[in-house]
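Each in structure tokens, the structures are laid out below.
Next, two complexes with subunit A in common: one pairs it with subunit B, the other with subunit C.
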Partner chain A sequence: MKRDNIIKTTNLLYVLPMLIFFGVFILSPIIQVFENSFLQIKANGDVEFIQFDNYIKFFNSKDASMVLKNTFIWVFVGVAAKILIGLLMALVLYNNFVGKRVLTGVMLIPYAMPAAVSCVVWRLMYHPTFGHITQLLLDLNILERPMSFLGNPATSLLAVLIVNVWAVAPFCALNILASLYSIPTYIYEAASIDGAGHLRKFFHITIHLIFTDVRTLALLIGIWAFNSFDVIYMMTTGGPANSSSILVNLVYQNAFEFNNRGYASAISIICFIILSIFSVLYVRSKNKEVSFE
Partner chain B sequence: MNRNKIRKRAYKFLLALVVIAMIVFLFFPVVAMITVSLKPANEVFSRPVRWLPSEPAWENYIEVFEKMDILVGFKNSIIVAIGTIITILLIGIPAAYAMSKLDYWFKDIIYYLVLVSQMFAPIIVIIPLYQQMNNWGLIDNHVSLVLMNVTFNLAFIVLMLKSSFDNVPVEVLESAKIDGCSRFQALIRISLPIASMGIAVAIIFAFTRTWNEFLFAFTFTASTSKKTIIVKLYEILKNNPAIGIPWHLVMAGATIATTPLVILFISIRKYITGDVTKGAIK
Partner chain C sequence: MKKMLLVLLSLSLVMVLVLPTVAETKEITYVTLGNTGMELLEEAAKAFEEKEGVKVNLESWSYSDAYSKILTLAEAGNMPDSMYGFSSWTVQFKEAGYTVAIDDLISKELYDDFSKAARDVCSVNGELWAMPSYMSVRSILINQTAFDEVSDEPPTTWEGLLELAPELCGKTCPYAYTLVAGHPKNTIDCFLPILWAYGADVLSEDQKTVAFNTEEGVAALQMYVDLAKYAVPDYGEATINETQSNFTTQTAAAYVHNAQGLAALKAAGENYDWATILQPLKGPGGEAYSYGVMDVDLVFNTGNQDITAKWLEFWHQAKYQGVVIDKAGFVPNQASYYKEMPIFTDEANVFVAPFAAMEPIAKFKPSITCWEEIQKIMADNVTKAVFGQLTAAEAFEAAEKDCNEVLAAQ
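This part shows the complex of A and B:
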């Protein structure tokens, strides 16, 4: 009994370096951010305790409603689009056709591309004068004259969202495909014998059985989307006039451009609370995953 | 019977249409990148947009090295990636091994801590981290980038390594113990070789994620000689006036920065949804 305890203690040494990293670079900073969120930090380093003023200022600012709305669209519309497109691609790949193996291999390219590279490429494609998309829409007579998709507050968020959907959808497709393959074929055979058609099989069996997996996947890519500062920053730096900013962009802007660290910390804490809720949902959803073996 | 045939044809036709739509959607930007990278300078700015270069200008790929000091970026990215991989393996392998095979205090709590820390956005804590690095004199230094990349990839890599250690049968370890192996020797001599495939995949993941990392590389470096390739690419766009961006060279640089990653990614694609990453990616 006593020896067991000693072993349990010495074994802790294996995980200790990892815990130190988490403690020093995640836990201690988050406590500091929490403290900072109640302070006003002036440029000369003076600090003043202002209670909840940073939070109140955020919720009363005109940025807040727009950025919260943008974050909502970015995360929820984005996840829905990624999952639906991913599901469609997975269903296609579940069929047999010539070149299927090659396609499943190379379809990861958008996901494998560094975010900076895809942003550079899409910025050229959206370019009002030299861009491929602009030219295509002009040729098809959808646009009458060139427009700047990224420079227009009405389209900037959507334009960046398309880039993000393009990059993440193939990842979703491969994950959903793996879930599809995990459904034993005898279930479908049994359904065929019972006289179920393709559509019925899809809605009553497939959707049902991949639901838990897809829910976990949706939570994961939702959390990624919530955190994805880099895509938006590199495409538009959140502009014009914050029209494509989400919460994390606001944090960065206030921390490093406006040097408004107390305020940035308050927004960080708001992000942290939202993320924590989703993380708990993710862990719970993951624990409920089932296998059919 | 005939109706069935028509149905099948229609289904096949629809399938082909969706496959084509998929290919266009996924690869149009990739093709755009490659074609623009091969355009001679004067065709980049021609209007209407030319879809293909009149003749491939391979010299762009040489010019990008001469004009944009891409090579320094490459060197920096590789230094940071190697530093990250070594540190992450030194810390991650023992941790993952213990999580898979050993008993210790607070085992469940530590497991959930790792799982949740994976979800954590670095940007939330970037202010104190910047101050901390500044106090340690590590701003504009690759060490700070290594530390940050290790911190924010560690959970993911540890979970991945844990599942490959889970594949090492306990019986093998027990018989090694009978033969007089210590727990640490059992890790080095027996578990590591069996889990080597999983470790290789983990190394590739750590490499790609570090290579792609933008937030810290952009915020924590100031001098051009320290910037990674990703930051350099972005800064060509940022520092040039909108009209004067040499798009053909940018795209050549982008193609060069992407190629190693695409090869690595495709080589491990079955692990992206497979056993090794169970619990890590999803």
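This part shows the complex of A and C:
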């Protein structure tokens, strides 16, 4: 009994550094943010306990509904587009053809490119007076006059979302491609003998067998998208008039531009709750195994 | 042996206690934004070290994240000793206890050397809480060739400019006007000259509520919205540099700014004879203001404020800062610069003389604790009006409500 206790204590000592690290650098800041979310910290340093006012202010603000809607579009529409385009790219690369290696390399460029570089390139392409996209749309008579895609509240979110999808879709393609390669070929051979066509094999074998991996991938890139701040900040800083802001932009804006630490903390806690749901789903999806037998 | 150890320990203790104190007074940190005048800053810092024996560590931060960076550092009590920044920060940093008043830290000669307008902008309750630094006075610049095509006389009012705008488009310049509105600060920089010309203002006199939601204010916003229809379509995303280049590349026929764009053309050896600097355009009541942008040097409460103020006084000399002002196309706000540098009083110097003459009618942005938030709310609603999501009246009604809530919470 005594020996057991010694072993337990020793084991605890082994994990102690990690527990201290977790407590100091993760748990403590979370508690601090949670505490701040109930406070109003004034410029002169005065602190006032305001209960749930920061949360009420967020849900009552005109921007909240727009930012929540933007976050929903940014995460869910973005993930759907990334997975769909990634799947199409993976299906193309799954086949053998001349130049496959070159195409795979080219396909990875958007993912490998630093976000700052791709944002500058896309800003130039979107430019209303000399951008390629504007010029193409003018030449095709789709636009009557040059248009500012990033500067117009109606198009800014879509314009930024396209850049994000362009950058992340190759990563999805690589993951899906790995899943496709993991499907044993004898399953397809058996299906062919049974008379299944390409579409039937795709929907009943491919989709079915890569579904678990794709679901995990979707949750992962969903979490990344929820937290992604760089592309929006570099291309529109969330504007104009918050039309391309998502929740994390609002946190940054309030914490560092307006110095509203309490309000920013409240929005952070809302983000934390939403992300916790994602995390639980992610962990649960990882536990579900798929069998090829 | 024991004695030897004791002596060594005592020496170490003395060094530990004394050395940091010595080091603290031997070095100070000064932060500038962008690269404006960096070479001269380095030269001045070297000369200051030779004279006073104090090293000035120079840091250069980008404009875009300077505010968040300084707030984060200040919150952690790790501020630089001094920093170049915007006058709109003065009150907030004073209230937070980050900065110190500098009246007693600088010489009377330097205090008297600053223009009254510059001192007023940097003063809070009669005390100088920031040192006036680079000052930009903005008015309207026009492409004379473009305007000659459509009118015998250049416009003197905003209405006059709007009347000419449809005709201006598509001739010498594809567009009549250029607005910069990518960042709330830039949107407001473009809008305030119109708001003030129309007789409205951002804040009430007691600065407790906003004052722009009046008949005049709404008319000013409508003017801005109407002008935007004839502006380069990069509205909403253009940076200040892009707006400047819209004018210098003759894409837009008019814009409100200083002479920096023309100075860049001169530096590149290009012709800028086609550009004319006009007096600020008037509103319906005949009011007109040039738009003053005052940048400041702040002295932080780090314990080194005496020597920091000495450094700033050393830097604020014609041979150092004066030269930067000349090169960058700013307007001097120290009398000594005008005396020691004839180029500032030379009427042929179009980069300074016309703008310096407009300093007495310059109006500056207010300096209040929550200015960044007020500015954002105003800019967002101005943008919504430009894109037709709200009418001018609706936009200002919404902005007034939100701004007053922010002001009330202070």
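The definition used in the following text is that the second predicted complex is superposed on the first by the 265 of 293 C-alpha atoms of A that agree within 3 Å, B and C clash if a C-alpha of one lies under 4 Å from a C-alpha of the other, contacts with A are read in each partner's own complex, and residues count from 1 in each chain.
Definition applied: a residue touches a chain if its C-beta (ideal position, glycine included) is under 8 Å from a C-beta of that chain, and two chains touch if they have at least 3 such contacts.
Note that the structure is predicted; figures quoted are calculated from it, not measured.
Peer 1: Which partner does A:Phe256 contact after superposing on A: first (subunit B), second (subunit C), both, neither?
Peer 2: In the superposition, A:Phe256 contacts both subunit B and subunit C.
Peer 1: Per the contact definition in the header, classify A:Thr236: touching subunit B only (first), subunit C only (second), both, or neither.
Peer 2: A:Thr236 sits against subunit C, while subunit B stays out of touch.
Peer 1: Output check: A:Asn60 vs subunit B and subunit C. Expected answer is one of first, second, both, neither. What do you get?
Peer 2: neither
Peer 1: If you count the residues of subunit A that each partner touches, which comes out higher, subunit B or subunit C?
Peer 2: Comparing touch counts on subunit A for subunit B and subunit C gives B.
Peer 1: State whether A:Leu150 touches subunit B only (first), subunit C only (second), both chains, or neither.
Peer 2: A:Leu150: touches subunit C, not subunit B.
Peer 1: Looking at the overlay, what does A:Thr129 touch: subunit B (first), subunit C (second), both, or neither?
Peer 2: After superposition on chain A, A:Thr129 lies in contact with both partners, subunit B and subunit C.
Peer 1: Give one of first, second, both or neither to describe whether A:Ser192 is in contact with subunit B, with subunit C, with both, or with none.
Peer 2: neither
Peer 1: Quick one: is A:Gly45 in contact with subunit B, with subunit C, with both, or with neither? Answer first, second, both or neither.
Peer 2: After superposition on chain A, A:Gly45 lies in contact with subunit C alone.
Peer 1: Intersection of subunit A residues contacting subunit B with those contacting subunit C?
Peer 2: 123, 129, 256
Peer 1: Where on subunit C is subunit A touching in the complex?
Peer 2: Touch residues, subunit C against subunit A: 67-68, 71-72, 92, 95-97, 181-184, 232-238, 251, 369-370, 372-373, 376, 379-381, 383-384, 387, 389, 398, 402, 409-410.
Peer 1: Using the touch rule from the top, collect the residues of subunit B that touch subunit A in their complex.
Peer 2: 15-16, 18-19, 22-23, 25-30, 32-33, 36, 44-45, 47-49, 51, 90-92, 94-95, 97-99, 102-105, 110, 112-117, 119-129, 132, 147-148, 150-151, 154, 158, 183, 208, 211-212, 214-215, 219, 230-231, 233-234, 237, 247, 250-251, 254, 257-258, 261-262, 264-266, 269, 272-274, 279, 281-282
Peer 1: Subunit B touches which residues of subunit A in the complex?
Peer 2: 4, 7-9, 11-12, 14-15, 17-19, 21-22, 25-26, 28-30, 32-33, 36, 88-89, 92, 95, 97, 103-125, 129-132, 134-135, 138-139, 166, 170-171, 174-175, 177-178, 213, 216-217, 220, 223, 226-227, 229-230, 233-234, 248, 251-252, 255-256, 261, 264-265, 268, 271-272, 275, 278-279, 282-283, 286
Peer 1: Where on subunit A is subunit C touching in the complex?
Peer 2: Within the complex, subunit A contacts subunit C at residues 40, 42-45, 62, 123, 126-129, 145-148, 150-154, 156, 236-237, 239-242, 253, 256-260.
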